[in-house]
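Quick one: the structure is below, and I'll ask about it shortly.
Letters A, B and C mark the chains in the order given here, with residues in each chain numbered from 1 onward.
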Amino acid sequence: MNEYNAGTRGIANRGKNGQGKFAYSRLADSDAFVAWIFILPFIVLWAWWFFYPFLQSFIRSFQDVNFAALDEAKFIGFGNYAKILQDPDFYRALLHSLEIVAISVPSQAVLGLLLAILVNKKIAGQGIFRTVFFIPYIASQIAVTTVFMMLFKQDTFVTRFFALLGMKNATWFADTDYALLFVCMLFVFQQVGFSMIVYLSGLQEIPRDLYEAAEIDGASKGNQFRYITVPSLKPVIFFVVSVSTILAFQIYDQIAAISRYGALGTPAGATSTVVTYFYQHGIRYLNIGYGCAAVVLFFFVILAVTAIQKKLLDAKD
Amino acid sequence: MKRLTTLLLCVSMLVFILAACGGGDKKSESGGKGEKATVTFGFWGTAEDLKVYQSAADSINEAYPNITLKIKQYPSSDQFWNQLPGEIAAGTAPDLVRLSNEGSYEYITKDLFAPLDEYIKSANLDMSVYIDSAKNGWQVEGKTFGIPNTFNTSMFFINDEMWKAAGLGAYPTTWDEVYEAAKKLKTKDVYGLVANIHEFHITNYVKTFGGGWGYGKTINSKENVQGLEQFMKFYKDDLAVTPKTLGYGWDGEVFANKKAAMTTGGAWYKSYLKDANPDLKYVALPVPKGTVQAGNLIADGYTVMKDSKNKEAAVKAAYFMSGEKVQSQFIELGYNPPLKSLSPKYYDLNPEFKSTESALANATDFQYPSDTKKFTDALVKEVENAILGGSKETAQQILDKVQQQFNK
Amino acid sequence: MNVKLIRRAIAYAVLWLLAAAFATPFIYTLYNSFMPLKYANKLVGMKEWTLEHYATFFTNEAYNVPLWFWNTLVMTGIIMLGNWIVNPMAAYALAKLNFRGKKLVLWMVMATMMVPYHMILIPVYVNMAQIGWLNTFAGLTVPFLYQCLYIFMLRQFYLGIPNELIEASRIDGLNKIGGFWRIVFPLAKSSLITMSILTFAGTWNSYLVPSTFVSSPEKYVLVVGLNSLKDAAFEKTSLIMAGVVLSTVPILLFFFFFQKQYIEGVSTSGIKG
């Protein structure tokens, strides 16, 4: 892109603007100037409403602090971090977070794409199908969770069906072996509408003439999908995968919903994640510094995973 | 990526310097006692409760002309606790909140609330109007931390239709009798008992064997082990069920839906069942004995935040809300007032609870350790692990394990 | 021909089956919202249905649904407007312009998404209290005029727009700002629609933020207001469900009308040979 940048300078110089506007038009054509102007609103909002508060929480992670007395915080260096790294519950929570990502992200990415392709076709009731597939994403947590809980009880047709496949006929969310899987299914069901809608708009932006040309060349539908759809969607696929990874790492509402009347991460900690760990220690046990330290550690885990995904999936720019 | 690392490093260094210098959030104190005081009351609860408090806010001037009572609404207690750290730091926390003794000990020992004795004295409040057991829950280390509001004890509920249909006679007074009855009440669709794996219910069991948590000192006492064994025995013999297994949120739902014949609960069952299953015939009894008659004392009270700038006015407002005028509205809603003058009327209005009156005298505070939430989370987790996770741990092993975390 | 017909029939059957599964939670909610509380979470047919839960929201003086609806509308409107301006601009810079620090900004955007909002909620609250923005629309909206998620999303879409198009526009005398407004912005229309739908749904449904930054009932938004009163020991399921219906229907309508804007294959590569 650099060469095109250099090559076009001249055009602006020869622009039809009068002498007085010369400086402006020059600036308006400089990548760096335009870029920073365009990014400025974001940076200002971000610095004040994200970075500054984040920094404050980051400081807390080096403190021993009870929320009733934030003024009396004691600086303890890496004390919180050391304690967390010795806590088996933290590793268990981290493992659960990774499991949720490993299960839900691929399912969501694939199912979302399938749905998007289905509702992108000219079919009767297209609008209704699109709306219906989007419903779980916008419907309230309580409603979706309640329905799922009714379906995954012992002896319903759903659990009986899974029993045929060799699983236990049990109430999934009350079973320490299945509760995490239950959370994943709930999560995918709710999030797949999001992937669908993003893919759907990605499909709109694939130039139609590419398909027309392929058709003329006699390419099969399968080959069109493989050689046109997937490569064109690559940036969108990277977006869906990385965002759903980040969201899956941060899953909280679904877990809070199934623990509505009990301890977070029920049954017996089978659905604990790093976010519930933060919540428990930072807020329930009033130990804010400790909770923040857990999130900071977690942040680096997410960062690492995303960096790997970017290496593997992102288009070169 | 490299640049990001550099940035993060720089930021970390900066933070270290800042943190080491001990830069804190300094709050500006606005001192001085004005004549007029505004007391903010943090509230969460039902629409009916809100109405009572709004009328209290309208009428408080009759008793205290200089106090304005403002109600600050929170959607739930969780929301309140999640928000409180920010509010304390920002100085926007309420002066007064209504709390249950189920979780208050932790916050009292962690210095969130102010001791009230000095203000009670200076405001000249007569504390003898309250029933002792309603008051006692708010005494910690000889200091008063709350003005008592409504109070009650835990109860044992039986689905009377099922009881009669099974041809059972007198209602049970011991866990052994409950056990025998549960065997008879158990059918294909109905469990004998719903025993929610929740600290409230477990505490009931251990108390009836003469046990108690002793603020963390006696978690694995012999009596507690017996109590927990009794609790787990119902599960071992498949007579009890958790609400979760049936897809319900709490024990009352199981009971209302006739999936279990008996349960431990409390006065809130009445208002819930009235809506959830108006046709259900039930009886309320004292919690059955293991070796002694005992139960949880559930007491609401008004506590004053440590940082409140109007502590005396807040105490006065609390006293007003615990007084006859407001409490006579609460008694209509089914709450038992803490006042000697009103409480006797409670059983006239709620005759179904008459049989539990004697139990109220024996009810005691929860006595959870000061790390209450940590304790209840750990206890519930271990018991869940044994009952739902098949960990094979005995009651003794569970309580030993929990005790270990609370040895100071 | 017959084979094709059968295949079509099967495809529709699968589609309808899927649709039924996806619609279940909402239908269930709708059903429950009309049932007396004693039938909550039970399937007993519609013999004894009632409007009392909806009536509660409109007659009980503790609720002010029209006002809360208006508040939600204002909040959502302001946030959407902000997102329409801030996000595409930042995304364009990150996708199509060259400048020092671009990688860093991109990682800032990504990293922001990785921090659970719960973690910074308390300091944000304190900062907001200090500038007196609690209980104001400013507090509800200004911090959310940008969304890193959508900046990232738009950037990914803009990457797919061929550089040749922008270059061509420059030959026509448009500078970089003009190239953005005239070429990129309209071309990636479907990504803007997606952003609008997602922003609308997310803002309209948001609970954590408005329930934290607003404590006076006059400034409640719908979702917070409808959930503002609860029993400590249990929840009135049917009442909650009625609240869910009230707050979800606007999003459904918004979505239904907006999704029509997705018209397949609008864009061409513009480099037809």
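Assume a residue touches a chain if its C-beta (ideal position, glycine included) is under 8 Å from a C-beta of that chain, and two chains touch if they have at least 3 such contacts.
Just so we're clear, the structure is a prediction, and the values are computed from it rather than from any experiment.
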Item to check | Relative to chain C, chain with the most remote C-alpha centre | outcome: B
Checklist outcome for this item: Between A-C and A-B, more C-beta pairs in contact link A-C
Next on the checklist: Taking the mean of the CA coordinates per chain, how far is chain A from chain B in Å?
Outcome noted: 37
Checklist entry - In whole angstrom, what separates the CA-based centres of chain A and chain C? => result 15
Checklist outcome for this item: Each of the following residues of chain C touches two or more other chains, namely 41, 111, 122-123
Checklist entry - Among the residues of chain B, which ones contact at least 2 other chains? => result 1, 25, 82, 85, 89, 249-250
Checklist entry - For chain A, what residues touch not just one other chain but two or more? => result 150, 283, 288
Checklist entry - Which residues, counting only chain C, touch chain B once they are in their complex? => result 37-38, 40-42, 60, 62, 103-104, 107, 111, 121-123, 125-126, 128-130, 134, 211-212, 215, 217, 224, 227-236
Checklist outcome for this item: chain A residues touching chain C in their complex are 1-2, 4-5, 8, 11-12, 15-16, 25, 28-32, 34-36, 38-39, 41-43, 45-46, 48-50, 52-54, 56-57, 115, 118, 120, 122-124, 127-140, 142-144, 146-148, 150, 189, 193-194, 197-198, 200-211, 232, 235-236, 238-239, 242-243, 246, 249-250, 252, 275, 278-279, 282-283, 288, 291-292, 295, 299, 302-303, 306, 315, 317
Checklist entry - Which positions of chain A touch chain B when the two form their complex? => result 55, 58-59, 62-63, 66-71, 73, 75, 149-150, 153-154, 171, 173-176, 260-270, 280, 283-286, 288, 307
Checklist outcome for this item: Listed in rising order, the residues of chain C that touch chain A in the complex are 12, 15, 18-19, 22-26, 28-29, 41, 85-87, 89-90, 92-95, 97-100, 102, 105, 108, 110-116, 118-120, 122-124, 127, 142-143, 145-146, 148-149, 151-153, 156-157, 159-161, 163, 167, 170-171, 173, 175-178, 180, 187-188, 190-191, 193-194, 197-198, 201, 205, 237, 240-241, 244, 247-248, 251-252, 255-256, 259-260, 262-270, 272
Checklist outcome for this item: In their shared complex, chain A is touched by residues of chain B numbered 1, 11, 15-16, 18-20, 22-27, 81-82, 84-85, 88-89, 107, 110-112, 196-198, 242-247, 249-250, 306, 371, 373-374, 376-377, 380-382, 384-385, 388-391
